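Read through the structure below, which is laid out as structure tokens, and then see the notes.
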Amino acid sequence: MRLFSRSAVILILFTAVTSMVSIQPKVTRVVFFGDSITQAGAKPGGFIVMMKDALTQKGLGSQYELIGAGIGGNKVYDLYLRMQDDVLSQNPDVVVVWVGVNDVWHKQTYGTGTDPDKFEKFYTAIINKLLDKHIRVILCTPAVIGEKADFTNQQDGDLNAYSQIVRNLAQKWHTGLVDLREIFHNYEQKNNPGNKESGILTLDRVHLNEAGNQLVAEKMLETLTNVK
Amino acid sequence: MRLFSRSAVILILFTAVTSMVSIQPKVTRVVFFGDSITQAGAKPGGFIVMMKDALTQKGLGSQYELIGAGIGGNKVYDLYLRMQDDVLSQNPDVVVVWVGVNDVWHKQTYGTGTDPDKFEKFYTAIINKLLDKHIRVILCTPAVIGEKADFTNQQDGDLNAYSQIVRNLAQKWHTGLVDLREIFHNYEQKNNPGNKESGILTLDRVHLNEAGNQLVAEKMLETLTNVK
Amino acid sequence: MRLFSRSAVILILFTAVTSMVSIQPKVTRVVFFGDSITQAGAKPGGFIVMMKDALTQKGLGSQYELIGAGIGGNKVYDLYLRMQDDVLSQNPDVVVVWVGVNDVWHKQTYGTGTDPDKFEKFYTAIINKLLDKHIRVILCTPAVIGEKADFTNQQDGDLNAYSQIVRNLAQKWHTGLVDLREIFHNYEQKNNPGNKESGILTLDRVHLNEAGNQLVAEKMLETLTNVK
Amino acid sequence: MRLFSRSAVILILFTAVTSMVSIQPKVTRVVFFGDSITQAGAKPGGFIVMMKDALTQKGLGSQYELIGAGIGGNKVYDLYLRMQDDVLSQNPDVVVVWVGVNDVWHKQTYGTGTDPDKFEKFYTAIINKLLDKHIRVILCTPAVIGEKADFTNQQDGDLNAYSQIVRNLAQKWHTGLVDLREIFHNYEQKNNPGNKESGILTLDRVHLNEAGNQLVAEKMLETLTNVK
């Protein structure tokens, strides 16, 4: 004597599977690929952690997995070298690339920055590899080396130029863009009347303080949740 | 029997002396003290030669002597080293100091630029020596290394910062100022819509073409003829 | 009625194939992978052309195919980026890697040299990719930037250090090594009594003159024909 | 009636003067003019203090006055700028000039080193000013930036070249010379078998540890007490 007919069993199983799917929606895996700023972003108080908290508060916590892949001192060609191991191996749906500060800064500090044409070339190679694998890409312009609001920081010329390269790449390859260079500059013009070198959005001219992490988290989240 | 009375002799002598004075007015000796840009300015087609021509056209040709003292590659401390030989020995009434491009540029090209605090220190020493000798001083801000109008030239951050140092020195020591950095930037914003690196006011991103020489000649002349 | 038995046919075919192999021996394809020095080496008068001539004179001309793959301004990470397109796609049997001058030199000229740890890292990645494909590898140490024989050339410290990195890599990975740094230094000590900067083995402190090309051709050929 | 004859008076005066001379011999004032290494040398444990102690032990303590005039970060043109205030105003009999490390090092760390021709030019100007005032001059070659004994420290090429400039100046102007570059190199070859970067004669690749201070004190004292 059977409690359920074969059809009934099938129906029950189908319903169960369907409901499981409905409570386990596709999780969007996001890898943040960058330098020491991104590395710090994955630590407590960092912008990636802030983004996780914000997603949870919006009830979207289960829909995103945010993964930090930042390494201090990295330039664009360092990202290229470790793409397979640190990014592609994670099977990401989205990769947020934020690089450029060291490419500019190390010219002055070590004599080992990156020429603008090489910056574009390696950046293009990274984008190509990601798009080939149907990964959505979000680019970020390098924000600041020094927070003075009147373009008197030593690297301002290069940061403006390399940011323009990133903007052009985003436009050419139809990627997302978080234009942190512009976002920071606008913020400094309003909130740095004393023309200070640091302490507004950074701890040390480069790495983010709490306000900096909040600003980046907010702007990245906007772009991340809008990118299809 | 006297040919002339004493009064007549006095009158004649007075007239003679007066006429001598009227045909030999005090000449203002102006030394242009700087780098290769100033060196080129003293050659045919250069801004110093253009200034001479303009003074002659205004009927002031006999009132000014313009002397070039520019040497290629000079930085602020090179000027300091050769002040006595090349400037003070000329007994100038006015010295136009135009330096700074190499102090900034040589950081990148040779690793031998000038730190901003040292730039200010040597510049101050030069101003002090000139003022001690009651020489009128006119300072110039460094104009451009690259003519792109949107602050994307590599050295724009430093050029803005070093120009600010020069402006502050001019204000502090009550010297004349030809703010070539600002003059060029305004000109580029109007006349360089293609955001070219050179060819608007320079031949090669740094050294003046004809339009550049004309612009500098005009602005320097304004300041020179107004400085008391 | 058959003219030949099956066995006879097989014998004839076997003989034909064997004789074809004997008159078409395996050609060793050698790719020279490097910067402007290697690029020039593939042009008339260059060391690669000299090596071809020398192989022909020895009756080995048909056993080697020498292919230039040098691009001016390349650093180690540039080689890494274009490995697939320019080297692996050629199915080489041997790759001669000669890089390092720009990694050191561009520190001073553009602020875009390569840190020693990154130099080693990218060099290792190149070696690994080649060995994975069972390609024989010959490394070369960077020769000179300036020919003064007493270690007073500005980059001598770095060239000595980066050459040591290359020597260590050759030892670690059991590759061939042409120690051009040492070969050139020994040559300069004997043949540059006036301690000149250029004109002994180079045209311009870096790129090879005829004597330089001959020296390199001779030493590379020794290693190439000895490497198994 | 006189108490003393004229001869007696003369004898007494002669004796008095002689005894005054014997208890107040001419003191040789020595100014040590340099950078942070010299600045540290005047502090407890520094080479200048060690030299004082050594002179006292030899019973020569009252014959020499040793005065430190080192300022951190100084390059040759900084010495030139502050000569009057810090050296000539002290009326020295001897000036020991030790400079060059920052002229070389700051090329890499800040892009603000000193070109070799400028190094020689400012150094010559310093020597001339001292010799004009009949001050005895002792030059020192820059010792080390990194203690590796095989010329693989990044700045070895430049340190060798700038030391050669100093040696040539000492020969040309017949000054004393303490060839610290050579002294240190010889010491490292004997005492640094592990090819360490620091810890043999320096604390940090540049500034002297106890052994370094002792070596410098000993060699400077030799030259100081021999220079006429």
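Read from first to last, the chains carry the letters A, B, C and D; within each, the first residue is number 1.
Here, a residue touches a chain if its C-beta (ideal position, glycine included) is under 8 Å from a C-beta of that chain, and two chains touch if they have at least 3 such contacts.
Predicted model, so just to flag it, every value in this text is computed and none were measured.
Within the list B-C, B-D or A-D, A-C finds its counterpart interface, over half of the contact pairs alike by residue number, in B-D.
When subunit B is fitted to subunit C on its Cα atoms, the angle of the rotation, on a 0 to 180 scale and to the nearest 5, is 180 degrees.
Note: the chain lying farthest from subunit A is D, by mean C-alpha position. Over half of the residue numbers at the interface between copies subunit A and subunit B are found on both sides, making the touching surfaces mostly the same. Computed from the mean C-alpha positions, the centre of subunit B lies at a distance of 55 Å from the centre of subunit C.
If you average the Cα atoms of subunit C and of subunit D, the two centres end up 49 Å apart. Subunit B and subunit D have Cα centroids lying 41 Å from one another.
Counting only residues that touch two or more partner chains, subunit D has 107-108, 110-111.
For subunit A in complex with subunit B, the residues that touch the partner chain are 107-108, 111, 146, 150-158, 160-161, 164.
Residues of subunit A touching subunit C in their complex: 77-78, 80-81, 106-108, 110-115, 118, 121-122, 125. Chain contact summary for the complex, subunit B toward subunit C: residues 108-111.
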